[in-house]
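For clarity, chains are labelled A, B, C, D, E, F, G and H in written order, and residue numbers in each chain start from 1.
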Amino acid sequence: MTPRELLRILDGVRKQALSPEAAAEKLRHLPHQDLGFARVDTHRNLRCGFPEVIFCQGKTTAQIKSIARALLSHGGNLLATRADHAAYRAIRSLDRRAKYHEAGRCVTVELEKLPRPSGEILVVTAGTGDIPVAEEARVTAEIMGNRVTALHDVGVAGIHRVLRESSRLSQANVVVVAAGMEGALPGVVAALIRRPVVAVPTSVGYGASFGGASALLTMLNSCAAGIGVVNIDNGFGAGYLASLINHGAQAR
Amino acid sequence: MTPRELLRILDGVRKQALSPEAAAEKLRHLPHQDLGFARVDTHRNLRCGFPEVIFCQGKTTAQIKSIARALLSHGGNLLATRADHAAYRAIRSLDRRAKYHEAGRCVTVELEKLPRPSGEILVVTAGTGDIPVAEEARVTAEIMGNRVTALHDVGVAGIHRVLRESSRLSQANVVVVAAGMEGALPGVVAALIRRPVVAVPTSVGYGASFGGASALLTMLNSCAAGIGVVNIDNGFGAGYLASLINHGAQAR
Amino acid sequence: MTPRELLRILDGVRKQALSPEAAAEKLRHLPHQDLGFARVDTHRNLRCGFPEVIFCQGKTTAQIKSIARALLSHGGNLLATRADHAAYRAIRSLDRRAKYHEAGRCVTVELEKLPRPSGEILVVTAGTGDIPVAEEARVTAEIMGNRVTALHDVGVAGIHRVLRESSRLSQANVVVVAAGMEGALPGVVAALIRRPVVAVPTSVGYGASFGGASALLTMLNSCAAGIGVVNIDNGFGAGYLASLINHGAQAR
Amino acid sequence: MTPRELLRILDGVRKQALSPEAAAEKLRHLPHQDLGFARVDTHRNLRCGFPEVIFCQGKTTAQIKSIARALLSHGGNLLATRADHAAYRAIRSLDRRAKYHEAGRCVTVELEKLPRPSGEILVVTAGTGDIPVAEEARVTAEIMGNRVTALHDVGVAGIHRVLRESSRLSQANVVVVAAGMEGALPGVVAALIRRPVVAVPTSVGYGASFGGASALLTMLNSCAAGIGVVNIDNGFGAGYLASLINHGAQAR
Amino acid sequence: MTPRELLRILDGVRKQALSPEAAAEKLRHLPHQDLGFARVDTHRNLRCGFPEVIFCQGKTTAQIKSIARALLSHGGNLLATRADHAAYRAIRSLDRRAKYHEAGRCVTVELEKLPRPSGEILVVTAGTGDIPVAEEARVTAEIMGNRVTALHDVGVAGIHRVLRESSRLSQANVVVVAAGMEGALPGVVAALIRRPVVAVPTSVGYGASFGGASALLTMLNSCAAGIGVVNIDNGFGAGYLASLINHGAQAR
Amino acid sequence: MTPRELLRILDGVRKQALSPEAAAEKLRHLPHQDLGFARVDTHRNLRCGFPEVIFCQGKTTAQIKSIARALLSHGGNLLATRADHAAYRAIRSLDRRAKYHEAGRCVTVELEKLPRPSGEILVVTAGTGDIPVAEEARVTAEIMGNRVTALHDVGVAGIHRVLRESSRLSQANVVVVAAGMEGALPGVVAALIRRPVVAVPTSVGYGASFGGASALLTMLNSCAAGIGVVNIDNGFGAGYLASLINHGAQAR
Amino acid sequence: MTPRELLRILDGVRKQALSPEAAAEKLRHLPHQDLGFARVDTHRNLRCGFPEVIFCQGKTTAQIKSIARALLSHGGNLLATRADHAAYRAIRSLDRRAKYHEAGRCVTVELEKLPRPSGEILVVTAGTGDIPVAEEARVTAEIMGNRVTALHDVGVAGIHRVLRESSRLSQANVVVVAAGMEGALPGVVAALIRRPVVAVPTSVGYGASFGGASALLTMLNSCAAGIGVVNIDNGFGAGYLASLINHGAQAR
Amino acid sequence: MTPRELLRILDGVRKQALSPEAAAEKLRHLPHQDLGFARVDTHRNLRCGFPEVIFCQGKTTAQIKSIARALLSHGGNLLATRADHAAYRAIRSLDRRAKYHEAGRCVTVELEKLPRPSGEILVVTAGTGDIPVAEEARVTAEIMGNRVTALHDVGVAGIHRVLRESSRLSQANVVVVAAGMEGALPGVVAALIRRPVVAVPTSVGYGASFGGASALLTMLNSCAAGIGVVNIDNGFGAGYLASLINHGAQAR
């Protein structure tokens, strides 16, 4: 609610077009009155710039379909993560434009073409096992209106692989790096460029990788600055953060 | 080494101004030959946009002074973190412009006024105990050429404190949030705005806070997206990442 | 019981002012003699106000049926948690009044209508994934004679969702909050009301949620006071504690 | 802000006693406008039933004194925890009624006699080493207007010690149990009574007690239901929760 | 091998009743010569008082059968733990006397009746879920020649259940206590008797029991002395240790 | 005690075959009546065979002195662990027979010579750093009436050192093994003998020894059976358990 | 790229057989230009002495086949670890010389007979459960051109088993030791010999072995020096490191 | 002892050149008779190629001096690690040749010049804070008769720093890499060379470095093979292992 809307309501009261009681009802939930609507998503879109996202894991197909229907009814692009084929079919039965991104296990429905910032997001993986997480990040960033390119399998065990791509790394507006096992790649990348790195540890590994904890700790302890870390395997979170950074200053 | 430099060397060979052997010596370390300079810092400034930073913890005052002298000799602003008064005095003996930022335990020497991006970084704390970490972030971001404002003691135990600042939160280009104990504030902030949040867990707390691990896990597991997490008590890293984000798209 | 009291009783017997049977009755419970009864459940009902509860996980259907039969033979309401359909059918074969609560995976047999306290328990979830745990809490509290209402999916990623329910939160006698992932909701709720919050972390999440450990630590480290934490996914324990609090002072 | 206040403002607008602009200013921060006062504590007192508490650890004496002055100026009782003698002297210089509770390391200033609920809180320790934590709980509960009694050194290594006090345990409205090392006492107490147990693990112990983590896990995993756990060594949190429970239903 | 045996061999050489080569063969593995035999188990039986035990988990049925055959060929009783029905059938095909102990998942073949010490081992469980571990302990101790009795489901949630058995507890030569969840029972038992307690944590529990780690820590941190702890779910180890203690002093 | 037994005693009183005093004596221990005495220690001596032990850590000298006075007034030997010189002087002021055992940081007062079992306890250390813990075990076992010998610095880094003592190991009734760092010695010892091993991990080590956790885990996971583990650095607990084992069967 | 190649390119420029632009293109990626080829493996073979190894876990059979085809086309021996039968069949369809090593779950294709160093690698296991990991190490070392022998089931629970093999241990150039549970064997072996020990913890065990973490910590904390530890269950890494050590000085 | 030696002794008995008693004495400690000497070190020197090393931490100066005296009396070089100045002075009072290596906190006494292998050990650090650990490794390797060179502060935050030293890295026989914080350097180094890397994590760092655990996990999870990891801060262990590798094959 903008100041203008507030003044208009109050003006309605002064002009007796609106009873104090009716105005009170309108104002009761301020500054979150709009949140009282069944249309939760609408508000989130306004507040955060993107509607709610459906995290499918642990939800039934029926629940997913029901949430998707509600979200689609308010426009805005739809993103469902950790989605299986059943979830895809359910969403597709609601809207034919639904796409399934198998590698990243996401469903998207692009209802509106968002304006794309001039900059680009580069998604990098240390190994092929990290690609599903990277794909989740890529799909997330794309549906949020970003241009995304990818660079796979450039982990530090062959350090030249990433070094010879340093000009590509430098050209991106923000770089998402997904890495499991030792998780050292984000630190190497951050030390090569002057743009932010979004580091996403993956659970790829065995033994003392402890489900991604080793990679997570490596990224948090990186000597190189300029790295923001997200949760293990959280490709969505990485793509979302990268999108916010990429859209960032330009929108101002 | 720019492509132009490379062509000039090769041209020298063609024109026989340079023997193949001499050229080979020059080229031997490419693309990293330039890194062989004693001026490590100079290169870092070029590559990452800011010179090396002195992490004073575990270094003797003599070591700090010696590194500071080397860095100051190449121009660029100087930042020393985790610095005590002795470190400050040592640096000040090198350059009178040195300033000590007591709350954030940093020394800065501003040799050049960096162009400031139009946007602003907002540094937020959950409690007063988090202020030293927040100050380290603020000083870091300022010496890197950002406008920074602060908002203290708005933790979720009085959720209204942060909610009523939501317009200030929304106006910032990027928000740094420092929080110890339960560490829930970054998630609440991220859910209110459409800009990135840099979350820095602090070791403030006791018992099962396990030195900041509880706050760290909270931030990584946040339901709200758009959060990049840095290491516990790593105010420098938070300020640095925020600066990269803030300078970001505009520089392009 | 002091030696003097003991001697006085025995003296009463010697003087035949007290029959051996009456003395035995007095001594029988001293201080735990009554515990010698085979009717363990009866005693627990007397001692703690509710019969033993069957925790079905790890028990065979035959074992569950056998324990249920023993408990039902002594009256009192029956509660079986972590119960599957087979357990339900086994209990239903003993008593037709058995009900299966699918979402909360509980079986109840309500043999007596317990007097309900005037106050009410409010069960709150941060996300839809937390509902099974919340349902276990609700069923537990209801079979123990409480009025329970629920409020779902009001996690801190949309902080307004919980804030606009603050009057409902304030009206409850005790609030149970189930939350996974970052687990920040109980702290926010506790800061809004003047009644106790029972916080139950859930294992909902992935990556660094470490099976609910992250939510657990968040709840323990909450800045807001007035929170009692129970084990991860322990909806039963939360409902039980809430019931004790709700019945509490009024019974005195 | 009550509904009545809201209607009065709106009525003022209708009657043109108040300009829309002035009303907008009044309403701008609703429902948290009142929180914009410098009197933060006043609001907390209204919302949660007790003013803010000063957690002295990590604060300078000057900071403590300054917060205490602000709190005292609004009336309400004052509680400062983890307070040393210097903190005490600083607070005492503000108000002669300040008392120092050495064992529990707390300062209290009782400005108003709160009405005491008829029930009583019993604070129990497993060993003498747990007494400081128990004392913090006791002082907290007393300044919040509760009658509190204590029972020390009744840990399970001499199980009879707690059993022979079972009638005292049963008479309390709520029992706070502080225990370090194995932390088994709260489970034993909860199994003896029909009232809630607030369990506070302490860091008393050595070796594999891991700073109280062992006791914490024991309490969370207790077979006996009816236990709410707070953070390690968090006597304040335990006393606060017990007070909410004790005041509970009666206030309704 | 005693010094006497050694001198006798050497004397045989001097008297030329024994060739140097034959003596060398006898002496070759001293003091571990006997270990050079293919009959590894024979030596273990001599050294430790019981043959090797087959830990079936992770072994194929063929491997189990092959080891069992080797062990049976040297006499001595056979024990195979973590054995399924296939393992049982394989061993039974070697010796008809094989018995399968379903609850404890063990196979035994009793080739010789060991002399039983006069004392008795008491195996105690906190809950019914702990019975498989307790049964493994019981079967182990019995095949090693001990009289064993059992007492189930006497956990601290109904403390009277164990207290009223205190005379039985006191009569045992050693008490094995298996407990999951909070694992408090061994400490309570140890405080009631003057004989050693062998504590075996079980992985029974959920949430923050972390696979038995909570019970393990509780037992290690017990205030009551006289407790020796074995690995989580290690019923075999508990039964073995109890057997050594029970056979102990009497064998001397 | 069955109801029948109780009635028989009471009937004896009625028939004046039994004086009230004699009946009181019979009933005194029923099953915890005796626990009503103020003389807690006396009872512990009766119940567990040794009076309470003073764990000095975290107690003031005054508290230690006061507990020591109470214990000494009831006879029985006194043991105070983790005692400094001040504690020693305080106890010595109560009884001139007090002795300070510097290496093990214990004070003992031997009021009665306990009968010594014929067997012997052997205390073994892996390295010289483990000696303080071993000494605590030795002093504990001696004051409880055991003959104790020691064998130091025979860790597995020179495996022959322990092997050549195998006959000494075999002659002991029970072996206490204290080891830090990798903690492998108890497993090696247990595999050489047919008597129980009490394993006490020590916090000796650095880096990934994590304060003794590494040694603790090693001991719990030992392939060799017959090992009971106590808490890290818990020499007292090791000596106590060894004493119970040593006194064991013979006392029966 | 050898110095000779570099000089040849520069000579081409001088002789104007090559334009500076063409030369620049050739030199652009130096010293990693060759890495730009699809033949990644070729470079790794040159740099590290062995081609890339296919870690099959988490890869589809199609991906494995595709990588194997690329590697085989460049010659050099092929090793695929964590390979199932499908992976084997896929590789065998590319080259008939493919062999499947079932116990170690590896596929090898030996295209060239590497010169074998005179020394030998000895692979040792503590128990039979460790053999799969040991086999992975053996196959790795053999395909890398080493003579390897094995010694199984000589864990410390029968310490003589390893001691009587001390001459075999001493003769190896490097000893790989695989051990789960307590993981003490590498320390015992290292103390017997003057050659390096490569220690590989395995996840064999249960309860507090925590998936191999216990064995890992033991190996890191070993009192005996001369041990290099690799990741849990990482037989490949152990065999690789042993191969480097074995080829080592001789290759110089 | 070889079979030949054994036969010679026995032959001496048969020929009556040796009495059975004298032979028994010779054979008594076989195969560890030599270990029966008071000269423990002598044997270790023979067995492992270097005498015992004094780990000073936790030892008194008197103990250190006494052990040093015993070791010096048997010749061989002496190494004392974690030594302070007092330890140095004590050892120097025994032998004037004692040297104190301040940065690595070691004392050495070089009694014999060991033959140096032709190869060289390179000790590398990621940052200046890792130098003390690296120095301990260097001093250890030197006193064991190796040529050692060092390369400091080449961590991955400036990846070019290590890359441009790749020829130096390749020339070493074995590379020791000490790194704290993220600990990624050993993996990068291992991927550049064909010789073994000894990785030593250091406790340098803060926050989520958890005392070196993060660096340790990184090293264990390295994608690059050829790395052997030692304990956190264990420079001695790294130098010792590197020495064994360097002396290795050449000594054969």
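As a convention for this text, a residue touches a chain if its C-beta (ideal position, glycine included) is under 8 Å from a C-beta of that chain, and two chains touch if they have at least 3 such contacts.
Predicted model only: the values in this text are computed from it and were never measured.
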| item | value |
| --- | --- |
| Each chain counted as touching subunit D and subunit H at once | A, B, E, F |
| Centre-of-Cα separation between subunit F and subunit E, whole angstrom | 24 |
| Separation of subunit A from subunit D, taking each centre as the mean of its C-alpha atoms, in whole Å | 40 |
| Contacts with 2+ other chains: residues of subunit C | 31-32, 36, 158, 163, 191-192, 207-209, 213, 216, 220-221, 231-232 |
| Pairs of chains in contact (touch as defined earlier), listed by label | A-B, A-C, A-D, A-G, A-H, B-C, B-D, B-G, B-H, C-D, C-E, C-F, D-E, D-F, E-F, E-G, E-H, F-G, F-H, G-H |
| Interface residues, subunit H side, partner subunit G - complex | 31, 47-49, 53, 117-119, 173-174, 191-196, 198, 216, 220-221, 225-232, 236-237, 240-241, 244-246, 248-250, 252 |
| Residues on subunit D engaged by subunit E in the complex (per definition of touch) | 126-127, 155-159, 163, 181-184, 187-188, 190-192, 205, 207-210, 213-215, 217-224 |
| Touching residues (chain side subunit C, partner subunit A) in the complex | 128-129, 158, 160-161, 163-164, 204, 206-209 |
| Subunit A-facing residues of subunit G, complex | 29, 32, 35-36, 40, 43-44, 57-59, 63, 201, 203, 212-213, 216, 231-234 |
| Contact set on subunit H toward subunit E in their complex | 3, 6-7, 10-11, 13-14, 16, 20-21, 23-24, 27-28, 30-31 |
